[in-house]
Amino acid sequence: MPVITVNWWQGNDRESRRDLVAGITDVVTRVSGCPDETVTVIVRDVAPDHWGKGGQLADEIRPPRSLR
Amino acid sequence: MPVITVNWWQGNDRESRRDLVAGITDVVTRVSGCPDETVTVIVRDVAPDHWGKGGQLADEIRPPRSLR
Amino acid sequence: MPVITVNWWQGNDRESRRDLVAGITDVVTRVSGCPDETVTVIVRDVAPDHWGKGGQLADEIRPPRSLR
Amino acid sequence: MPVITVNWWQGNDRESRRDLVAGITDVVTRVSGCPDETVTVIVRDVAPDHWGKGGQLADEIRPPRSLR
Amino acid sequence: MPVITVNWWQGNDRESRRDLVAGITDVVTRVSGCPDETVTVIVRDVAPDHWGKGGQLADEIRPPRSLR
Amino acid sequence: MPVITVNWWQGNDRESRRDLVAGITDVVTRVSGCPDETVTVIVRDVAPDHWGKGGQLADEIRPPRSLR
C-alpha cells in the first residue's frame, strides 16, 4: 500500500518518469515485501522558481565564489 | 482546523470538485464535530503520466491478460 | 487511484477514523466514479501544540476578547 | 535539513516568492540553528477553484450576509 | 534537490529504512542526474489503523470471500 | 488560507515551535497580504533515522573525511 511522492525540478521527460516509477517500485517492493501493484508513486514537477534553497529561489542561486 | 489533500487523476470538472469539497467537508465535520468553516480541502489534479501504479505510468498500464 | 491525506487534531478514536475513511471513500467514488478499492486515505493525527493558527500554537489560542 | 511546503492561492509573483523563501528560511534557521543552505522551501500555487473552505470552492465563497 | 516522501505501513526496521533510502537515492540520482547528497528522503511509518483502503481501515480489511 | 507544512528533525521544543509558527505566519501574511488567522502551520518532527540524505540515514551520516 505504500504511497511515495517525488518532488523534483521540472524538466525530466516521460522516459525519466517511467524509469523513476519502475525503479522506486522495485526498491519499495524489495525492501517491504509488498506486491508491486500496491505501490503508488506521485511525481510532482516543480519549477526552480518555485523551489527555495538556502534562502534563494533555485533559479537565482549564484554558484559559490570559487566557481564564478 | 482539519486540512485534507486530495490527489486524484486530472479530468474531473468544477462540478465534481464542488461535490468533492462539499462531501468531504460534511464527512469531516460530522465525524470530528468541528465547524465546517474550519475545514480546508486542497484538490490536486495529477496527470496519469505523472502517476505510477505497479511500477508503470498509469496511462501505460496494460489491462490484465484476461481482459485483453 | 485517489490518495487522500487527512491532517486533523489528535483525539479522534478508532470509530471516528473508521467513519472518516468510509465516508471520504464514498464521496470520492461517487464523485470520480472510480472503484472504492482504489481509494487510499491516510489519516494523520497532529497534536495541537504542533499546529499553528493565526500565529499561535493551537493549544494556546486565547478565545476572542468577547468570549473571555 | 528542514523541508517546508507552502500551499497558497495562485497569484503571487516571483518577487513575492523570493521574499517568502528568504523570510521562511531566516525564521527556520534562527529557530532551529541549522545552516540556511540546508533549508528547502517548495511553493505550491493552488487555484481558488481547487481549494475548499467551509464546504465551498474558495472562488464561490459568498461573503457573510452582513457584508453583502 | 529532489525531496521524496514515503508513506508505508509501520513495522519496517532500521535496516529496511537504510535500504529504502539508499535504493531510492540511487534511482533518483541515476534518472535525474543530480548528485546524491542533494536527495532528501522522508520516511513516514503509518499504523494500519490510520490507513484506509477500499473504505475500510487497513487492519480490518477482510480477505476476499474466496480466501476466507 | 495558506497551509504551510514544516518537516524538520525532532528535538525542537515547544518554545521553538511557538517561534516557528509566529515567524512563518508573519512572513506569509506580510508577503501575501492575507490576515494571520487564515494561516495554518503544521509542524512535523521527523526522527533522523527516518530521514535520508545523500543515500544514508541522517543519524548515520559520517562527517566528510577532512572533519574526521
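All chains are identified by letter, namely A, B, C, D, E and F, in their written order; residue positions are counted from 1 within each chain.
As a convention for this text, contacts are C-beta pairs under 8 Å (C-beta built on N, C-alpha and C of every residue); 3 or more make two chains touch, one makes a residue touch a chain.
Which chain is which protein? Per UniProt: A, B, C, D, E, F = 4-oxalocrotonate tautomerase family protein.
Everything numeric in this text was worked out from a predicted model, so none of it was measured.
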Joint neighbours of chain F and chain A, given as chain labels: B, C, D, E
Between D-E and A-B, the pair with more C-beta contacts: A-B
Rounded Å distance between chain B and chain F, as computed from the means of their C-alpha atoms: 27
Inter-chain centre distance, chain C versus chain D - centres from mean C-alpha coordinates, in Å: 20
Whole-Å gap between the CA centroids of chain D and chain F: 14
Residues within chain E bordering two or more other chains: 1, 3, 7, 20, 24, 26, 40, 42, 51, 53
Interchain pairs in contact, sorted by label: A-B, A-C, A-D, A-E, B-C, B-D, B-F, C-E, C-F, D-E, D-F, E-F
Footprint of chain F on chain C - complex, ascending: 7, 46, 49-57, 60
Residue numbers on chain C that touch chain B, as the complex places them: 1-9, 12, 16, 19-20, 23-24, 26-28, 30-32, 34, 51, 53, 58
Chain C-touching residues of chain F, taken from the complex the two chains share: 14, 17-18, 20-22, 24-26, 36-45
Parts of chain D lying in touch with chain E, wherever the complex brings them together: 1, 3, 40, 42
